[in-house]
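Labels run A, B and C following the written order; every chain starts at residue 1.
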C-alpha cells in the first residue's frame, strides 16, 4: 500500500486544498496519471500519481486542506488490507456515524511517522524557526539524533544564506553568553496584548505583565534568599557640583554635545570603587562566590510599566562623557521599548537613583545575581557646623544594600567609604 | 558566613524557631533522649525540656494525628517521622485530614504543621528503607512538599515551613545530613521561600531539572560537561508542590533541551509530571525529546553492587545530555 | 398538675426542657433532611442520627461552649447540640454557599470554630488521633478545655483507636472518648467484630477509666460524661465511655438494612425511643407537661422547616470558590495560572 502525499508545489507551499479528485475510489491509477486538482497559495495544479494500482481510499475529501507531506489517498492492490480501514471499522460501530470526522481522523493516522514515507524529522523549535524565516527545510540534513533537523541546522542554513535568523518566537529569552556566571535579566518587554483589567466593587484586578511578573519573582526571591544589610553615608556634594558644572560647560562645546548628570558621576564613581574593591563585584553561588572581572553597572530606570535596569558595560573603562552618552541612549531606548537583550543583562552592580523625586534616602532590593545595590537620594541643602559656624551645605544620602552571604559588614562599609571619598574629592574621577 | 552541615542547619532552624515562638514544639520517635535517628535534634531536649521536645511511642498514625490536632489547637508542631517509609502508616492522616481540612471545611481550620522526614537510598538500607515518596505526596492538593538540597536552604526553608500556615512535608535526604555548606552567621536572620525553585548554574545548551541529592550530582555532571564545552543550566526545584513552573518553562525556552534527573522511580512520578508540563507549555521551543534519568524500576536491593546500579549517577546524566545536545555545540 | 422544681442529676427544669427541645430538633431536622434527600436536594452520603439523640444531647450538655467536639460522619445531631446554626448545617447539606463549610464539605463535614465543632471526619477513626492532638494543645497552652471525641463501634476496630487511647492515657490528656455503639458498623453486627464483649477491658488495657452507659437515657449519658469531663478537666486524663444505642434508620440513606430484622427495629423504636424515655421520665418526676413537649415539637419542626427553606433559597457557591481555600496562602496561584489558562 502506497500513501499519496500532499505534494509540495513550490518552496513556500505548506498546505494545499483538494479542489477535485480526478479518480474515485476503486479506479485503476497508472503511475504519472493525474489524481487530483490541488489549489495552492499561488496556483491550481494537478497532482500526479507516483505509483500504479487501485485508488483504494481517499483520505482528504474535496474542499479540504492538508499539510504538505500529509497522506491524502492510498493506492494499492485491490485486495490489500487497508490500515486506515481497520480504524474506521472500529468507529463505525458507534452510534454516531460522523463520516467526515472519520476521514479526517484517518488522514491524521496516515500523516503519522509510521505510515508517511519520507517524513522529515524536525524538532518543534526548528520547524517554527524555519517557518518564521520562510525556509524550505526539506533538503536540510539534520544533525540531531536520528537525523532530526534541530534548531542549530536551521540557524546554520540561514547563516549560510547570509540571513540572520529572525528571533523566534518573540518572547524567547536571549541566548546565553558562554560564561555561566552572568545572569540574564528577563526584563525585556515585547509589545503583547495585555488582558483587560476586571473591576469589581472595590477592587480592580490588573493582570500581571511579564515584566511585572519578572520583577515580582526576582525581587521577592532576592529579598528572601539574600540576607540584606544596609549601610548609609552622607556625602558632601559641593565639589561634585562644581566639577559637574565645569564638565558640562566643556561638554556643551563638543562636536556631539552631552549633558552629564549627577548619576553619571555616581556610576563612574562606583565603577572605580569596584576596581579598588573587587570583593564587592561578586555573586553568591551557593557553594562558592563568583568574583567578576568585568564591571558592568546597572542603572535602574523607572518606566510606566515597571522597572528596567539597562547595563553600562565596563563602566570603569569609559570616560564620563561616554558614560553620559551611553546612559542617555539606554534611557531613551528603554522608554521606547527598544532595548536589546544584551542591554539589560550581565550587570554586576546596580545604582538606583530616586533623587529626582525629592527622596531623602531609601533602601533598594538587590538585583540578583548581583550582591549589592546603591540607593541614591536627592541633594539637599543641609545646615551643618563648619569651624563652629552653622552654614548650609549640599548633602546627599546614599544607602548600600549588600548580600550578607557574599559580603561582610566591614567590606560594605569600606566600599561606601571609598565611594564617599571619590565623590567628595571628585577630581579622582577624571584621572 | 560559616560552613556547617545540613544536619546542623536543620537543628539551628528548629532551635531558632523554638526560641522565637513559644508555640513551636517538636515531637517524634526517639528525638529527645536518643537525640534523633540522624542526630538532627541532638541537644534540643536538654535545652528546651520535655514539654517542647517530645518523645512519642512508635505509632505513626496517632502521632501524625496528634500533630494535626495540636496545629488545630493553636500550636506550631514540627513532627519528625523517623523515615518517610514509616509515613505510609500515617498517610491517611496526611492525605485525608491535613491536606483536606482547610478546603473541606470552607477555609475555617488552618493546619500550620511541619512533618520532617528523611528519604532516599544509597546506604544499603534495603527495599523498605530506601524510597522516594515525594511524587505521592506531591500529587495531593492541600499540601506543600519541599526537598532542600543545601544546608543554606535546609535552614531557611525549615524556618519558612514552621511559619507557614499550611501543612508542609519537609523531605530530607539521608545522604545529605553530613554535607557541608555556607550558612549565614547565627545572628543573621534569613528565610528561604518555599514555593520557588532556583537556578544553581546558568547554561545555554540544556536544562537539567532536579532536586534534593540529585541536584548535587547534576551540578557535578554540569561541571564535567563544561569541560567539553557544553553549558548545562541546573535548576534545583526545591519545591515539589507547588512547582515553580515559570522558572522551568523560562529555562526550557532558552535552552530548548531538558534532562530530568531524579532518584525516584520513573513511572507516574515527579519527572513524568514535569515532562507533561513542559510539553504542554513549551512544546514549540523544544529542540529534542526530554530525557529522564531515574532510579531503576525495582525495589531497592541490599547488595552494594546492585544498589549502586539502581541509583542514577553523574555518568547517566552526562550521557543523557550528550544524547540530545549536538556534539558541535560550544565548539 | 403541679410542676416540680426538683432537679435530675443537678439539671434544672429549664435545662431539661432545653435538652428535650434539642432532641426533638435533632429528630425533626433529620426527618427533614431525609425528605430533602429523596427530593434530590441533598446528594452524596448522608447518615442520620435518628435514634441516637440521647447520646448527643446528654453528653454535650455536660460540656462548656469552649470545649471541643470531634465527630465521625454521623454528626448533624452533634453539631446541632453543640450550638451550630441549623440553617448553616442544612445549607451545607444542600451544598450551598451559605453552608457552614461553604458547600465544600457536605453532610460528613461540619465545622464551626465558634461552636467548637472540629469536624465530621469521613475516615473511620481518623478523628481519634486528631482529638488527642487538640487535647494536647489545651494541655500545652494550660487551657482547661476538654475535648469530646465521638465515634462509632466500627472505629474501635481500627488501629487508630488503640494508638490514640494509648497516647492520650500516656500523656494524661483532657479527652473523653465516647463510643456510640449503635450495634452495627454499617452492616456488621458488633459481636461479630469485637473480640471483647464490651469496652471496659479496652479502657483497662490503656489504663484509663471506662464506663458502659445506656445511650437511650439522656440523663445517664449526661451523668457519665460529666464525670469523665471533670476527671479530664482536673488533669487526670482520658476516659472511655461505651454508650449503647441504636440507629433507627439504615447506615446511610442508601441502606435498606437487610442485615437486621424489621422486628428488631420495631422493638427498639417502640420500647427504647430516647425521646419517649426522656418525656416519660420528666412526666413521672413532674418536671414538665405534655403541652410543653408539644410546644417543643412544634418549635423544632418550625426550625427544621425554616432551615430547609433557607437552604433552598440560598445560592450555589460561586465557581470562583473552586480554587479558593486549597491553601491558606496564595502559593498555589502560580500553578493554577497554568491549570486555568
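Simple rule for what comes next: a residue touches a chain if its C-beta (ideal position, glycine included) is under 8 Å from a C-beta of that chain, and two chains touch if they have at least 3 such contacts.
Every value quoted in this text rests on a predicted model; they were computed, and no experiment measured them.
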item	value
Closest chain to global C-alpha mean, per-chain Cα centroids	B
Most remote chain, CA-based centroid, reference being subunit A	C
Inter-centroid spacing, subunit C versus subunit B (mean Cα positions, whole Å)	40
CA centroid of subunit A to CA centroid of subunit C, Å	60
Length of the line joining the C-alpha centres of subunit A and subunit B, rounded to whole Å	31
Multi-chain contact sites of subunit B, meaning residues that touch two or more partners	246
Partner subunit A, residues of subunit B touching it in the complex	1, 150, 152, 156, 181-182, 184, 188-193, 196, 198-204, 219, 226, 231, 233, 246-247, 250, 253-254, 256, 283-288, 323-324, 326, 328-330
Residues of subunit B that touch subunit C when the two form their complex	23, 25, 51, 56-57, 59, 61-75, 77, 92-93, 96-97, 101-110, 112, 141-142, 144, 164-166, 194-195, 242-246, 277, 280-281
Of all residues in subunit A, those that touch subunit B in their complex	123-126, 128, 143-145, 148, 150-152, 169, 171-178, 180-184, 186, 213, 217, 220-221, 224-225, 227, 285-287, 404-405
Contacting residues of subunit C [partner subunit B, same complex]	99-105, 109, 111-113, 118-119, 121, 123, 126, 128-138, 140-141, 159-160, 163-164, 166-167, 170, 324-329, 331-332, 334-335, 337-338
